[in-house]
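Each of the next two complexes has chain A plus one more chain, namely chain B in the first and chain C in the second.
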Partner chain A sequence: MSSKAGALIAAALVLALALLPFVPGAIDHYYFSLLFFVFIYAIMAQGWNLVAGYAGQISLGQHAFFALGAYTTAILWTGNYLWGSLYETHPRIYYFDPVTMVLSGLVAAVAAALIGLPLLSKLRGDYFALGTLGFGEIVRVLLINGGDFTGGAFGLVAPSGTFDTLLPHYWTGLGLTVALAIGIHLLIKSRYGLALIAVRDDEMAASSNGVNVLRTKVLAFAGGAFIAGICGSLYTYYIFHVGPDSVLNLDWMLLPLMMTVVGGTGTVLGPIIGAFVMYVIFDFARIWVPDYHPIIAGLAIILAMLFLPNGLSRLKLGILKPYSR
Partner chain B sequence: MHADETVLRLENVQKSFGGLVVLANIDLAIDRGELVGLIGPNGAGKSTLFNVITAIYAPSRGKVWFRDSDITGAQPHRICRLGIARTFQLVRVFPTMTAHENVLVGAVYGSGGRVANASQAATEALDLVGLSARRDVRTAHLTLSDRRLLEIARAVASRPALLLLDEPMAGLNATEIKQMVDVIRRTRNDMGIAILWVEHKVDAIMKVCSRVVVLDHGEKIADGTPHEVATNRKVIEAYLGEPSS
Partner chain C sequence: MTEIPSLQVLLQLTVNGILGGAMYGVAAVGLSLIFGTMRLIFLAQGAMIILAAYFVRALFQGLGIDPFLSLPIVITVGAGVGWLIYQGLFRRAAAMEDRNVSLLIAVGLMFLVQNLMTVIWGGNTAGVVTSYTASGIGAFGIRMSFTRSIGFLIAIAGTALVMLFLKKTLVGKAVRAASEDMTSAALLGISPHRVNAIAFSIGLALAGAAGVAVATTFPFNPFAGFVFSLKALVALAIGGIGNVAGALAGGIILGLIEAYVQYFISGGWTNAFGYGVFLLVLMLKPEGLFSRPYKKA
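And now, the complex of A and B:
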């Protein structure tokens, strides 16, 4: 199949998903919320993929950036400590406010740049991975001890009265997933993508050929954090209660990581395919065999690693070829 | 020779790892467009010298000058952008990229603005080494000889004033070696790039280079024409081992 046909199929699929809510009864169906979660995980997986799959830096701190984004949205939304509650005078302003969402991504990105600069200039490979894991623990301590500003161990509660349908979440999730896939595809084809792959493939050769390795890595790390931060913001509009146990859960780092590996690390479609397949497997396991759910999930990952060492998206399907490298 | 003709100058460069002195007081100058061979037994410090020039290692003492700039301890990517490109003894190409993309990295990032049209510069560099037909081949699928040529193309695409080659003939067969000599000659003659060329195939160096530098145990023991070097007593000793007195 040519890449043109692949793009057409993808466009048709996106259109069908976008129009799905107009099918009578669809919004109230359980699968509708399942799709929303697939989008959330696909976004998180894409963020990890940018850092690990393309820049080659294994980050174990994506949940921290997710949490920073979620908290930023909750703090701005509730107006906690900043201006009283703007929400009370302007009830709809901070519900799905794009400025708030972008700011949430930026807070995570700035934190990533600040922590990434020392970590990435000093640590490599496993040590960098452990450093990012440590950063997650630092964020946890800060959030728990943030007093009224972060709501301590309980966290913050946003005004849930605004929630009456999952529709905006669904569309935003779908839109972000698609925009990210297109954005990352273009990024990889750009000059910066060339530097990313060069750094991933061989750092010494990259720097000896003019690539500023540290800058490339820090930008990728901050970009991955930006994506996670926006995702945390979106999740806050769904969950309303933002606490260390809910948004700083290690699952927000581990599951997207597994999904990317299963779907295909360093491919644009891998994280999306992986998020869909793994989330559906996890969810069905949880519903049908709740006692064995972790076993089934674990088994799925082991099987995927054994039989799909390069991920689902690198299966020899012509349609996916142009999107993987 | 005029001072502004010098592209590279090492001033009393020393490098030690812990107590092991690998380079001792090296003075060396390379002029514009010069083709200089660098030979010496295993462990003499040739690769280390390259790593000090390209700032992969900082020298323990001494200075490295590129034209009028002191580049001692600069960052490797800056040194490339200034105009010193290199290859590696163990080939380092980007395995998941195509040949053309590999060379594009040098043209885009390494040229420091000397290349206006990077894609064209990459195509020309692939032409120079004879890899045009393989431009879209994933690098992991290339032969050793082609990967060595690709490394040179990538370096040339950054339009350097000086190219450091670390054993470009290692592991190549006779035909490939002839091709490599041809590429090295053309890189120097057509592109006007000065080359410092490390090689164990001493006969090739003696045939192609007009000047040969010899390192032994981290010391420069000879620097002259192939004839001068071949008849130098220290060089003969270094290659044949210490004479029994």
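And now, the complex of A and C:
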């Protein structure tokens, strides 16, 4: 199958998904919310993929950036820091507000740049991974001890009365997933993307060919954090209660990481495929064997790694070939 | 923090810190060995420690075996489980360039073990209460819990035995050679798989020893292990990766930091200081506090 046919199939699939809410009864169906979660995880997985798959830096702190994004949205909203008196006349102004969402991503990205500069200039490989894990735990302590600003161990509750349907969540999730896939596809064809892959494959060679290694890595790290932050913001509009146990849960780092590796690290479609397959497995396990579902999650990871260590998207399927490295 | 604490309080804090930190230390020694040969952050170590603690509890409640007397059983079983885990789960992944695969298998194992424990023993907090749990040793106005003191001795003895093994035996030397440079070690005829399996066996035997110490001193639940893994990682980084005595010392330093911060600042900030020191050490002295600077040839 040519890459043109692959692109056509992908476009048709996206169009079908975008129009799905117009099918009568679809919105109220359970699968609709399942798809929303698949999108959330696909976005998180893509963020990790950018840092680990393309820049080659294993980050174990994506959940911290997710939480920073979620908290930024909740803080701006509950404290009304952004829109002042407009909030009284337009009570829904913070709900799916693009400014709030982008700011949430930016807060995460700035935090990533601040922590990434010292970490990435000093640490390589596993040491960097350990450092990001430590960063996540420090963010946890800060959020728990943030007093009224962060709501302490309980967290913050945004006005959940704004929720009416899952439609905006679904479309935003789908839109972000598709935009990210296209964006990363274009990025790796660009000058910066080539530099990124050069750094991943051989830092020394990249550096001697004039690539600014540190800047390239920090940009990728901040970019991955930006994606996680926006995703955290989107999740806040769904969950409304933002707390250290819910949004700073390690699952927000481990599951996307696992989905990316199952789907194929360093491929554009891998994170999406991985998010879909793994989330569906988890969710069905949760419904059918509720007592044992985390066991099945653990087993699924181990089995996937034992038998599919290179990821689903690197199976010899023509449609995926142009996206594999 | 209104007045200067008495010497006695300081001493008590120090003792508490050392006794508590030794637990992190013994977990860190296991991690250090596994990391040394496989370059794998074995995140499931904490879950394995808790599993061992449940095993100790089952032996105590079911067969009436005293927790400390069950130590040889738990260590032997741990070593066997370690060997099986390596051969069954990590053998293929260890040979791969992509180390994410090993890391993820460890994560999967952690999920699996945590939740198996929940299904078998329930999610509630459990503990082992013996006739001597509440007793303590007092000297110079300082109190030391009896079980914690034994736990400390177990940690010291375990670390010393591992060091002796690494320094004096041929197999131990092979493990050390492999942690320094796996490729050269393999060229000299050391089988990577054997060395990795040995590291895993010892690592999980130590998890067993730590499990005995945890079971007798702390209340525990199936999910308590992850914090242990994290703190062991901090101890590992402080002590220097690949440095066995350093890992124990790193654990004790972390225990001291926690004890002092808890008393002088507040319990809520202990973790921030622990991980802050961790980040500082990683950045300023990534080879650990106790290692001489490592020169690459």
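In this text, the second predicted complex is superposed on the first by the 315 of 325 C-alpha atoms of A that agree within 3 Å, B and C clash if a C-alpha of one lies under 4 Å from a C-alpha of the other, contacts with A are read in each partner's own complex, and residues count from 1 in each chain.
Here is the rule we go by: a residue touches a chain if its C-beta (ideal position, glycine included) is under 8 Å from a C-beta of that chain, and two chains touch if they have at least 3 such contacts.
These figures come from a predicted structure and were not determined experimentally.
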When chain B and chain C are modelled together on chain A, clash or fit: fit
Touching partner for A:130 - first (chain B), second (chain C), both, neither: second
Which of chain B and chain C A:52 touches, first, second, both or neither: second
Per-residue touch tally on chain A - higher for chain B or for chain C: C
Touching partner for A:167 - first (chain B), second (chain C), both, neither: neither
Spatial angle chain C-chain A-chain B, Cα centroids [nearest 10 degrees]: 80
Chain B versus chain C as contact partner of A:197, first or second or both or neither: first
Contacts of A:8 with chain B and chain C, given as first, second, both or neither: neither
First (chain B), second (chain C), both or neither touched by A:297: second
Which superposed partner A:257 touches (first chain B, second chain C, both, neither): second
Contacts of A:212 with chain B and chain C, given as first, second, both or neither: first
Gap in Å between nearest CA atoms once chain C and chain B share a frame through chain A: 7
Chain B and chain C contact sites that coincide on chain A, given as residue numbers: none
Complex contact set, residues of chain C against chain A: 35, 39, 41, 89, 92-93, 96, 98-101, 103-105, 107-116, 118-119, 226, 230, 233-234, 237, 268-269, 271-272, 275-276, 278-279, 282-283, 286
Residue numbers on chain A that touch chain B, as the complex places them: 191, 194-195, 197-198, 200-202, 204-213, 266, 325
Residues of chain A that touch chain C when the two form their complex: 52, 58, 118-119, 122-123, 126-127, 129-131, 133-135, 137-138, 140-142, 144-145, 250, 254, 257-258, 261, 265, 291-292, 294-295, 297-302, 305-306, 309-310
List of chain B residues in touch with chain A within their complex: 54, 56, 75-77, 80-81, 85-86, 88, 92-97, 101, 104-106, 108-112, 154-155, 158
